[in-house]
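Across the two complexes that follow, subunit A remains constant while its partner is subunit B and subsequently subunit C.
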Partner chain A sequence: MDSISEAQTVDNQKLMNTVIHLIAETLGQTRVRIKPTTQLLSGQKIFDSYRLMEFILRMEDTFGIPIPDEDLDSDIFDTPRTVVRYLLSRLEKDA
Partner chain B sequence: MRILKLVIWDLDETILAGILEEGEKEINPSAEKVMTQLRARGVLQALATQNQPQVFRTATQNYNWLDGFVQTEVDLGPKVDKIRSILDTLDVNPLDTAFVDEDAFERDSIAVQVSGISAWSIAELEGYLQSNPVTVTEEARRRPEMYSAQKTRVQDEGKADDYLAFLRACDIKITIRPYASKDATRVEELLTRIHQMNLGVLPLEEAITRLNFRGGHDVIVAELQDNYGDMGRCGIVHLNATENDEALIESLAISCRTSARGLSLAMLVGMLRYPGVKFERFRCRYIYNGLNRPLRMLLMGAGFKPLQGTDELILSAARLARAEVPDWVQLNYPLI
Partner chain C sequence: MHDLTASLLNINEAALTIEVLDKLAGLSDQGWQIQLILVDNGSRADQVQSLLDWVFGNKGRFSEVLFITATKNLGCTGGRNAAFKLAMSDRILVLDNDIVLPEDSVWLDRLWSIMEADQQVAIAAPMLVFHNRQDIVQGAGIALTKTGRVGFLDRGKLAADVSPKPIEVTAAPTACWLMRREAQHTVGLFSEEYYPVQYEDIDLCIRLKLAGWKILCDRSVRIKHIENVTTRNLRDYSYVRLTVRRGMRFKEKWADVLPKIATITEDQIYWEPIPRPKI
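Moving on to the complex of A and B:
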């Protein structure tokens, strides 16, 4: 692995850790173990509408990016991994 | 005042004719009369008083009127903290709340500190009730009882070691059926009272008029029940069949009684899957009204996709079929 892609992997991992931490913070208690592939909107219903809104507000605060209504899409908020992918594209675009 | 949902009372020289600590036990007849009217209308009542808890407990143990209060906040701290605590716990917006105190200074002080709250004397509250008559629905009459059940539910939930096992043991049922004329008052109440989970695209009067002259439209109503009680009719969706097997959602409102536990999603998905209506797509407009972002989240959770460049959202039948209803909720379609 070259040094650039290694640095990217570390950054992605950091981003993933932050996202998982924000999810845990939103849930208030760690009733469910959150993994990169945990489904946030289906299955165990990690998020109800109010928690999801809180999570999005936390994301906006933490990363300093507004999340417009047109990005409120279940494909984006499906799992922590899809959220990270979205954040990467947003952060890259805004950079 | 938007719609009166909660009245927070002061005690000394408001509910009581005098001061509790000075031995006053007589209830002010005007307050008693208004409290009875509020109970009959299903308006929640709470108490915020600066008294010593021990004195309050001893002096008020025989007060029957306190039974109807959903929350009492008693301590020597600032009254505004108690009012904020009540609003937080009951999750009621200050715009839908009246604080009643016979002391004009207290009223002004609270009005300045709690933005949106109406601070009234008993006579002002009485005047409001007289000039705003309402038809009382079954759900409204039982509202204080439902709040008490909700308190117990939340306490039990907090104590449960296994949250999912707790939810599965709650025996949560959502009954989904077509709208009937007997639902008119309650549906109007849902469209009026609900702010956070209300599509609210049509002005209220038009939404109600369209419900009552709905021609071939489909209007679906959902009721919620669990081991803790019957929460009555909590959801309504009005579907207008348009072209190409598509339904336009004209009205959608889901009560905050369904918040958490995945119930609002189960209710929305359950109503759209009502076997009496079959559409290839559902379309709706979402317009942010300052309060209804939870509804936008709910629509996303159900699988609605934003139509880029518009305020519209689309849900295909295939995506609706994929939406998962939590396994602790049972959907019932009794008339099918």
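Moving on to the complex of A and C:
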């Protein structure tokens, strides 16, 4: 692994940790174990529509980017991994 | 004969507001001495004019009418706080303009009676039903989960299946409150941190409860409520984002208290959409 991709991996991991932390904050409890592949909307239904919006507001506050209503897409918010992918694309675009 | 102060807000919904005002004037005709405090939260000129015309035509039916025309939206927080500051009676009737009051005063007599029967009651509220489906409960008071989620009790149930007995609840929406002014004085005003609206009523109820007061929902009293009229005129805010944002503030503020006052779990929150026509 070259130094650039290694740095990227570390950044992605940091982003993943932040996203998982924000999910836990949104749920108001830390006991639920969230993994990068945990399904947020289907399966266990970690989020209902209210919690999804709270999570989005927390992301907007944390990352300083507006998340428009058009992006409220179940593919984007399917798992922490898809959320991180979305954030990376948004942060790159806004950089 | 009873004295009370009635507080009503308007924002670009003069027709609905006047329907409520007509019912309040009708109460005056039935012997109630009402100080009316009407606050317009920056409506269009034609809307204000409609209210002004109504006030001039009906002011003699009240012990006093105070019509405040704000040049900007004071919010439900600021508008109702203005009424709290100006209220002269020991009982304050706090109303939304999207409730449909009955013609007679039986509903108010009942709320008055349960407040008189227990000096610790700060708020007596009715059971709200959908205005177009009055057989279905919109909410018989509010309960909270330990994470601060709001549940409208008995929501979606058939009203006929709900016991008519009054129950103590954690909170009630300000759609219709009969409030003891002494209790309001002990906890102060609606907190402006919830400007313009959402969660300010629950916040005030928690402060009342922590001060030892009771909030009652008299489920024998059914009042029709259209719901979401106040919030549909919040031009500068996305309703959903505003609600969740104020909910986050509420949750953070009361994080230590919520586990102690929670009476429902997340599974008990019923928020399925119930179809209703546009008004």
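Keep this in mind: the second predicted complex is superposed on the first by the 94 of 95 C-alpha atoms of A that agree within 3 Å, B and C clash if a C-alpha of one lies under 4 Å from a C-alpha of the other, contacts with A are read in each partner's own complex, and residues count from 1 in each chain.
Please note the rule applied: a residue touches a chain if its C-beta (ideal position, glycine included) is under 8 Å from a C-beta of that chain, and two chains touch if they have at least 3 such contacts.
Note that the coordinates shown come from a computational prediction; the quantities given were computed from them, not determined experimentally.
After overlaying the two complexes on the shared chain, residue contacts for A:T37 are found with neither subunit B nor subunit C. By the touch criterion defined above, A:Y50 lies against subunit B and subunit C together after alignment on the C-alpha atoms of chain A.
Shared-chain residue A:S89: touches no atom of subunit B or subunit C. Looking at the superposed arrangement, the partner reaching more residues of subunit A, out of subunit B and subunit C, is B. In the superposition on chain A, A:F77 makes contact with subunit B only, while subunit C stays out of contact range. In the superposed pair of complexes, A:Q13 makes contact with neither subunit B nor subunit C.
When the two structures are aligned on the shared chain, A:G28 is found in touch with subunit C, with no touch to subunit B. Across the two superposed structures, the residue set of subunit A contacted by subunit B and also by subunit C is 48, 50, 53, 69. Residues 163-164, 197, 259-265, 286, 288, 293-298, 300-301, 303-306, 308-309, 311, 323-324, 326 of subunit B are the ones touching subunit A in the complex.
Residue ranges of subunit C in contact with subunit A, taken from their complex: 146-149, 238, 240-241, 244-245, 247-248, 251, 271. Subunit A makes touch with subunit B in their complex at residues 31, 41-45, 47-53, 56, 69-74, 77. In the complex of the two chains, the subunit A residues touching subunit C come out as 27-29, 48, 50, 53-54, 57-58, 69.
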